[in-house]
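Pasting a structure below so you can have a look.
Think of it as A, B, C and D in the order they're written, each chain with its own count starting at 1.
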Amino acid sequence: MVNKPIDVAILGATGAVGQRFIQLLEGHPWFRIAELVASDRSAGRPYSEAARWVLTGNPPGELGAREVLPLDADLQSRLVFSALPGDVAKEVEWRLAGAGHVVCSNASAYRMQPEVPILLPEANAPHAALIDVQRRLHGWTTGGIITNSNCTAAPVVMALAPLRPFGIEAIHVVSMQAISGAGYPGVPSLDILDNVIPYIGGEEPKLETEPRKMLGALDGEKIAFLDCVMSATCNRVPVLDGHMVSVSVRFGESVSEVAILQAWTDFRGPDPVPGLPTAPNPPVVVRAEPDRPQPRRDRDVGGGMATVVGRLRPDPVLDGWKFVAMAHNTVRGAAGCSILNAELLVENGYV
Amino acid sequence: MVNKPIDVAILGATGAVGQRFIQLLEGHPWFRIAELVASDRSAGRPYSEAARWVLTGNPPGELGAREVLPLDADLQSRLVFSALPGDVAKEVEWRLAGAGHVVCSNASAYRMQPEVPILLPEANAPHAALIDVQRRLHGWTTGGIITNSNCTAAPVVMALAPLRPFGIEAIHVVSMQAISGAGYPGVPSLDILDNVIPYIGGEEPKLETEPRKMLGALDGEKIAFLDCVMSATCNRVPVLDGHMVSVSVRFGESVSEVAILQAWTDFRGPDPVPGLPTAPNPPVVVRAEPDRPQPRRDRDVGGGMATVVGRLRPDPVLDGWKFVAMAHNTVRGAAGCSILNAELLVENGYV
Amino acid sequence: MVNKPIDVAILGATGAVGQRFIQLLEGHPWFRIAELVASDRSAGRPYSEAARWVLTGNPPGELGAREVLPLDADLQSRLVFSALPGDVAKEVEWRLAGAGHVVCSNASAYRMQPEVPILLPEANAPHAALIDVQRRLHGWTTGGIITNSNCTAAPVVMALAPLRPFGIEAIHVVSMQAISGAGYPGVPSLDILDNVIPYIGGEEPKLETEPRKMLGALDGEKIAFLDCVMSATCNRVPVLDGHMVSVSVRFGESVSEVAILQAWTDFRGPDPVPGLPTAPNPPVVVRAEPDRPQPRRDRDVGGGMATVVGRLRPDPVLDGWKFVAMAHNTVRGAAGCSILNAELLVENGYV
Amino acid sequence: MVNKPIDVAILGATGAVGQRFIQLLEGHPWFRIAELVASDRSAGRPYSEAARWVLTGNPPGELGAREVLPLDADLQSRLVFSALPGDVAKEVEWRLAGAGHVVCSNASAYRMQPEVPILLPEANAPHAALIDVQRRLHGWTTGGIITNSNCTAAPVVMALAPLRPFGIEAIHVVSMQAISGAGYPGVPSLDILDNVIPYIGGEEPKLETEPRKMLGALDGEKIAFLDCVMSATCNRVPVLDGHMVSVSVRFGESVSEVAILQAWTDFRGPDPVPGLPTAPNPPVVVRAEPDRPQPRRDRDVGGGMATVVGRLRPDPVLDGWKFVAMAHNTVRGAAGCSILNAELLVENGYV
């Protein structure tokens, strides 16, 4: 196994998700930020000048003086976290994988590529084995690409993963998503104060496909998508962090309320996931109050890595069940999930 | 026909909906506020002292000096608007109907009573004929009670009424409701700033039953509920006014996008509704932009009486269609609807 | 006098202030929008495509199809409203004035130019005579430039204008400014939700100089600035519209509370201002409640053109008085004020 | 010295400040919550039922089952934290002091009583000696009452304490206060969303007197108030936590920018304060960015116990300096300060 701490690079380090990587990696037991990488506009400048820190608290202390590297830099870190925008990610991530780096990406560029997993360890840790397929297909030696899901797919998949044994046939999702999901500067305040925007460009198609891949089973060298029908509606609400989803689901068999609650409560995910440093314990937290989860009051549960569920009750239209789920979109739905993914890859020997 | 202007009384005049009645009746061509009625705490005081004006702008000028009457006052106005809370409404409204007054109520107390209509004129004007049934059943001479719907049911029913010819079989609703729906003081700011509350007490059962009555057909002396299955999830969002609903619907037949858009665009409601003073024209406004309707930007369309719809697209889970609808909850969903209801009753000779 | 309606052009028509011009000029008794002008990015496209409408309600009906003209177009309208950003405004406005157009500008480019007035008609209508100076100095025939103030200076000057007779010696202002003051997209929601930003770039210097010019007296061919000392602190708050200022003022003489209240109540501004179509009546509205003015509840008073004041009480530090004032920043503080300015110029024969 | 951990009681444990006490005392090295006390409505019920938890995260685990005691209970804890409302506090706190308890109060009831200190340890730790005066005056043996300041006075006093050597002559404050300062349910969302309320009942008189006592010097058996003139204006803004103040100050001597910045940076407060468990280090944090401090981004600095200052620049009206200061109102301005006060009393031997 690799010696720890492991040096890591952050691509897109100046953006909102890049900042969250920096914040979450502070004091990480395995990883040490070695390289900060960003676009030409930032490259060559000290991080504290290049980045406008938008998170709570102070900009990072000792990292502030670190020089930001350009996207074409020759990186030393084996492990690379990418918070690049989709178009840039496509070229840069592929090149780095080819050069031997393991890339844990937040971008959507490669999510639907057959040999690239959308990894949510508690739900689908075995999908990580697709890295072997990547290496053979593309002649990569030590490199590889794994992605994490769209930030709204995360609470959907996490809440449904424990329920797969009941035979998921249909999933109906209406989301209420936080503004941080759009990055910085992102949503203009003139658009969202005292308002809801019932549309997020490109989000619904992702939410109608990614969960089926994530909840699918690794079948030899590819993933067999979950055979279910999905409908997604996405809304932006005036909330800082925390994506909430109203989910209805129909199962192939008759399922009781108790069985669902039990499945959630017992859920831990496959080994070695529960023992990884960033893994929340438990990953799914069930709230009994009628008015929970709420984004502001529940987004930091489990260090922002837990998915909080509640309000389980029958859905007469789907002839199934409906519930509310919520997860921190820039932690569990972005940077935090990538870090957990990387921990799994380290543990599995891919890094 | 009755001489105009017609004197009207407002019950619960000091509350948030009572204030909206006062605001909307200013300059009304048919109605003149003659009596302001409120609970014992307010009775006997000048209105401007008894009420804490929470709407935009100034408290009402000349009404400010008007003495607030107690709930047991002997009212002179034939027409009574009630913004009373449910428990008080039950007793007072019944007594007033027995005493010959026509009560247009915002309370839920009598909505599910078989001989009481939940009136949304464009959608179900013929239901007003139940007043004849009331009079015969209860021996009332000139009195009667009509209600308007729960404020969230309004945009649901208004958007679906034009689509009844397609055979509505299933309705799935997820709401995002404004804080004014909870009255004043209502929702504490500590609960809703930077937050969404996925629960509104008692709201979902109403939203799963009232629309079926409202969309039903008058069959002799009673209403045959629309034979469909409903599911409702209600959320409170940090928006001042305007309830937005994400609606999925399954029809008994195959329906095209064009047919739905045409039905919405052509919809006017039965005569004499389109000619009533408060009727919006058109009642259903279709927006083509991908990100509309929005509560803040669309709630005042048609003086707050229109229902704005958009984002029509297929729903693969229901094997039907989904769309977004929005209406001003204290205008179309409360006071404004009551006023339109009263106009219909006047035109029909019930007042 | 010129024939009405008078054709007008709007420069920067696609921006937030440009949109407010369009909204406020709808149905204006004297002015008719003839030309919509914007940057190269928008020029040549229909207005409805070029502009992303950010105000409440619908984009403008018949104007939507109008082709947007480029900044170097040969304009036909004698009267030009400019909502251009400062750098662009500098070149374009000067060129148009030279070509015979009267430019009513929202930009700061020429505010401190000695021969250009910062016009707030109720407070300083005589300053309009500087146009004669402009024409002689620059050889302009029918052209001229007038500006309106920084949007935060508007409520300060309007509240203090009636108090000039008491001898203003010192003005201390702390502002709480709405997000619409920053235009669109303007303030990112990630910066302002659940937050206050105690800084607005370039705002405090403007607020410490413009009011002294505006409150000054026309002395022959130039304005003698008000001889007083000023201090300004500017904050951005999560409010859509309405700039509120906490003002402390020291007078040269002892002044009673009653005298100040009377001065505000009696204030109308010099003739012909009170009779202009857009002039609010009264221009200064005094609220007696302890918790008014408030941006949301008072910004639309007088069609958004009034300045609402309240909370008058002694300030022991300045040995004077302190109070709160509020005005709608994009109406009274921007587009609405420009329109009122133009009405004054028409009435004075400059157009 | 007393044995640790020391049992403490929390009065008003179910309210917003009471909850903050519980949150902050979790894991405290010296104090252990032994008794939860609240009004009759809550007494006798388990805490988790009696209290509606309004803070972020989960209600307290093991304390949830604890039975809430009535206000007249015979308390065992020597040390009592009081989050009672003013009227109730007056009677209860006095009685407990007489019965030998040391009461650290958030209420305003005794703040202006001459022998009761308003303690902000970094600023005025010597004032704690007034407990000796109390004991002699009232015949109390081991009891006593200390208060902490109004939540808005805290950042004012903390920012000015390091500047006392320059001779403070005048203080002008305009506050922008968070909604949590009003408790729960507190400010209705209908009042504060998209709004600012320029008034907080009773707040300005407190803010114009308490700082003068707090910044005063202990002179024998009483406090000589700081001899300066004060002016305060208080505003409520839509912010969850964090009171921000815009402060102008005039000194008796000429002071340079560098001298002020140095005084802030060097400030630690008298021994033994810097070594107390809850003392932030440093207590005053200077931010160099032009747009800081901000409530959301800076309120948690130093665990919510630091005061963050910035924007130092000359104030021409006061012929002095102006700056912005911010502190967490329910931590530094309430529960956290009481805990720090109690730590000082323990260290000084009063508990």
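By our rule, a contact is a pair of C-beta atoms (placed from the backbone, for glycine too) under 8 Å apart; a residue touches a chain by one contact, two chains touch by 3 or more.
Please read these numbers as outputs of a predicted model, since none were measured by experiment.
Peer 1: How big is the rotation, 0 to 180°, that puts the C-alpha atoms of chain A on those of chain D, in steps of 5?
Peer 2: To bring chain A onto chain D, one rotates by 180 degrees.
Peer 1: Please decide if copies chain C and chain D contact each other with the same set of residue positions, more than half shared, or with different positions, and reply same or different.
Peer 2: Shared-number fraction above one half, so same.
Peer 1: Between chain A and chain D, what's the gap in Å when you average each chain's C-alpha atoms?
Peer 2: Result: the chain centres lie 40 Å from each other.
Peer 1: Where the CA atoms of chain C average out and where those of chain D average out, how many Å apart are those spots?
Peer 2: The mean C-alpha positions of chain C and chain D differ by 42 Å.
Peer 1: Centre to centre, by mean C-alpha position, how many angstrom separate chain A and chain C?
Peer 2: 48
Peer 1: Which residues of chain D are in contact with two or more other chains?
Peer 2: Answer for chain D, listing residues that touch two or more other chains: 193-194, 238, 240, 296-297.
Peer 1: Which part of chain A faces chain B closely enough to touch in the complex?
Peer 2: Interface residues on chain A, with respect to chain B: 170-172, 174, 176, 194-199, 201, 208, 229-231, 233, 235, 237-240, 244, 246, 248, 290-297, 310-311, 315-318, 322, 324.
Peer 1: Write out the stretch or stretches of chain D touching chain A in their complex.
Peer 2: These residues of chain D touch chain A: 55-58, 193-194, 296-298, 300-301.
Peer 1: Could you list, by residue number, the parts of chain A that touch chain C in their complex?
Peer 2: 16, 54, 179-180, 184-194, 238, 240
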